[in-house]
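In the two complexes that follow, chain A is the common piece, with chain B as its partner first and chain C second.
Right, the complex of A and B next:
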């Protein structure tokens, strides 16, 4: 490694520039967030967390994001499976389409989903006959979160599925395993680490999502008000410390959740490498 | 006899299962991705082509388009330089704290866009760390264009670096070392050897970065102040029109961004089909 460092130039410049950018753009601003949040003190923080409206918003943001990420894990696995294992006309078009939520601005997605699921919209009309309301309810929040998080699971599972050794599947089947058994006992464990990564990415995205959710949510305090919206409202009321504190709480929860998922993933990888 | 029938039954049930899975996947994609996209254009054209064009042919819309292009024109090149520098440091050298640096580069993806905007308000806003100093010197960052650029740079920071790091790690540095040994200086080596090896992955990262930069809503909304004609990018213009019940106007501007998204997807897919090998890191031994 020492020899390599001597041959290739630019280490100092590249690392220095990277650190300068990260420091100025990310770390310094986040430090300001923590500093401003500390202004309300421990008592202020506990008071903020004890407020029913804060609790409701945090529960909704994390709860809806968790359910949406679960849905995305299931649908993402299905779509990845179909795209990798089957050949059918239009497959490439569908494959390209998977990334639409990455490319479509969230505000556009938000108003489009709202128009679609509003009581007079294409889907809203049909669903209304079954007594189901999506727009301006929590269900709508879930739909928007499924939309923004969908590509993550497909794109993490797809390459792993494509590279999967099929010997084990064939062995399992030649030993008399049924298709479903093979899937659950052989394929799923090997996909588990990628599936967890996709789940975590979709979850992180959905927890913080703002643009696509606020149009469809209805934004009724205690019922359909997400935590990022509460931050914006505190900011608009010039409650900077409160906004910062809620931001730190959200960030802390998200990072803890991601840490837990990465530990779980490490465990599942070990499990995948030594199938029972 | 019964064995062959059993086999045929197995093949038959397998084909049915396959059809059902394909149909379910297609149904999901149509319901969740295609329909919202169609809804954008249908709503924009609801009152006819004339109303659609009239909604775009307005000074506010043009100002929003200009501002969106300006913000992207600053944020995307900055992101390219950052991404290449970060990838060069991480993929070519060993140093303590490398894993931590990788995690820090990805951090903006785990931060809510609203928080990304909030941190700059806390830093540069009237109540912020540098707010009073900036005010005394007559500089305005928040509720002005520089704030929009900063917030956009925050949310797009990982895009290029994320594409380049795994690719450059898989490619290895033998060719660069050879160029050095043959007497190339640092910049010659970079422009003649490194850049050609990573150009398609770089372009791929730029496409994604640009789509996000032009479409960012949450972070930009917090620092913008929504001053029409001055600090409203296209996504903010959409929101303002929508909240004023100008639905055709909102969806008309949205349709422009939807077109940009479709263009991005088309260019991205073209890159994947033509240069797939040069995009993904195909490390020996698979993933």
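Right, the complex of A and C next:
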């Protein structure tokens, strides 16, 4: 089977290069983080985790990120659908706009969102008449997280949706499936792996987000203080080991979440590929 | 032996005389609100040094939250001098061996060439009738102050409130704690720095009163006009002493000690003191202070040494992890 040629030659070299890159750029900084965190010791870590303020911040960071990722999954799916399935003037422009949250420095996004949603901002004023406050509340944190995570779901679902065979939908229809049935039982299973990937990316992005959230959050301990802010506070109090330890805790939680999601994704892929 | 020494000394003098047109670059790591101040001071110092020694001095500035700046110096930012918001930040650098521990005794007035105090900035017409500290804890009054864990200015704010309550007739530790706790529950947004808090109050229109550095309040008033905001001076406040120090380890490395020390001494000269006054920092020299007396409202102040036994004690008691602020801060 020497005839089985790969497009790129030099598997060994490519693998070596990949490992070196991953090692230098990802694993080394993470190892340094763990090493720095080890200064705090097991007792210190448990004490840190037992503090109500740490727990509140972690709950807020992960909870808000989860909700924001859910919102992005629903909204992103809709946007991807519109961009793929319909032809309308301005579609390309809209398509290009999707990536903007990636390009914008997050602090700029945070300041813009705060200016918009502050009690004296344009949207904030209107919402205030309905008794709804966004800036300086948890809702504001969610809004910022939705903003920074938005492109992920669109960009992961879009190509899969574009490649989707319409025959399947037509077959479902001709067999008497209602529209909702076609969507839930035919289209959604095929999109699920991509949707889950997008969800996981948006979630990971939102959990670690600092720059944009900090401006809109209010930052009141126990109420609107995200875990990354707690890390920055420890740094500014020169508590480097504590900051690193909290970083490791966040990393651990994120890793667990992403592992769970990838497991779920594997199952959904099997489900999608199952002969019906 | 004596001869050699004398010769060496002579050679040294000749060498410095010969290398008259040196280029020296100093890095001054400072805190947030001093941007405008040091722009003016640096220009004046460079001109004076050039006239006296012929060297061209370039002073690079770095600004940011005081604690963050101290952290940067600890982590290797090659600052020749630090001019920060409060002594504990320089103490933290000293604790890592970069600055001699007796730094605060090397220059006059606790090594702080200028002072400031803590005042209130309120909206035009003072609609909530805020006159003094107790007005800040009235129902419905929202107070903007940054987080003392991340902002040097906010630590002065906190101690000013505490000190006010402590000095009232019948005031004691428990009452001061209760008052400060109550005050902090009126804070809807806890910014990470003094500039951020000013923006929240001025640009976003949040809150009824901003507790701020006097220099920051005067600057905001200058930028936005006296009609938009009013400054309210409380009955008593804290004397804020932003300190300066030469970073010994760094000047030893780049050989800038002489210039760096002259730079900090310059801050105490009549010329520099006048610049400081024009930038809304209170000068130390009595005759400069007298000349600019009209620019600063009269305020009764107490010092951190008088009420709290110095910064080292205050820092450990109030702002350390699990300290008083963590117990009574917003959201507690």
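Criterion: the second predicted complex is superposed on the first by the 248 of 276 C-alpha atoms of A that agree within 3 Å, B and C clash if a C-alpha of one lies under 4 Å from a C-alpha of the other, contacts with A are read in each partner's own complex, and residues count from 1 in each chain.
In this text, a contact is a pair of C-beta atoms (placed from the backbone, for glycine too) under 8 Å apart; a residue touches a chain by one contact, two chains touch by 3 or more.
Note that the structure is a prediction, hence the values are computed from the model and not measured.
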Query raised in the report: Which partner does A:11 reach: the first (chain B), the second (chain C), both, or neither?
Result: first
Report task. Considering only touches as defined above, state whether A:46 meets chain B (first), chain C (second), both or neither. Result -> neither
Report task. Using the superposition on chain A described above, determine whether A:208 touches chain B (first), chain C (second), both, or neither. Result -> first
Report task. For A:132, select first, second, both or neither according to whether it touches chain B, chain C, the two together, or no partner. Result -> neither
Requested in this report: With the two complexes superposed on chain A, say which partner A:115 touches: chain B (first), chain C (second), both, or neither.
Outcome: both
Report summary line: Max touched-residue count on chain A (chain B vs chain C) belongs to chain B
Query raised in the report: If you stack the two complexes on chain A, which partner ends up touching A:220: first (chain B), second (chain C), both, or neither?
Result: second
Query raised in the report: In the superposed arrangement, does A:235 touch chain B (first), chain C (second), both or neither?
Result: both
Query raised in the report: Is A:259 in contact with chain B, with chain C, with both, or with neither (first, second, both, neither)?
Result: neither
**Report entry** Contact residues of chain A, present in both the chain B and the chain C interface
**Finding:** 115, 121, 229, 232, 235, 238
Report summary line: The answer for chain A against chain B in the complex is residues 1, 4-5, 7-11, 13-15, 17-19, 21-22, 25-30, 32-33, 35-36, 75, 78-79, 81-83, 86, 88, 90, 92, 94-109, 111-113, 115-116, 121-123, 143, 146-147, 150, 159-160, 163, 179, 201, 204-205, 207-211, 215, 227-229, 231-232, 235, 238, 240, 243-244, 247, 250-251, 254-255, 258
Query raised in the report: Contact residues on chain C for chain A in the complex?
Result: 65, 67-68, 70-71, 74, 92, 147, 149-150, 187-192, 203-206, 319-321, 326, 329-332
Query raised in the report: Residues of chain B touching chain A in their complex?
Result: 14, 17-18, 21-22, 24-26, 28-29, 31-37, 39-40, 43, 81-82, 85-86, 88-89, 92-95, 101, 104-105, 107-115, 118-123, 125, 127-129, 150, 153-154, 157, 173, 176-177, 180-181, 185-186, 189-190, 208, 211-212, 214-218, 221-222, 234-236, 238-239, 242, 247, 250-251, 254, 257-258, 260-262, 264-266, 268-269, 273, 280, 286-287
**Report entry** Complex contacts: residues of chain A adjacent to chain C
**Finding:** 53, 114-115, 118-121, 135-136, 214, 218-223, 225, 229, 232-239, 242
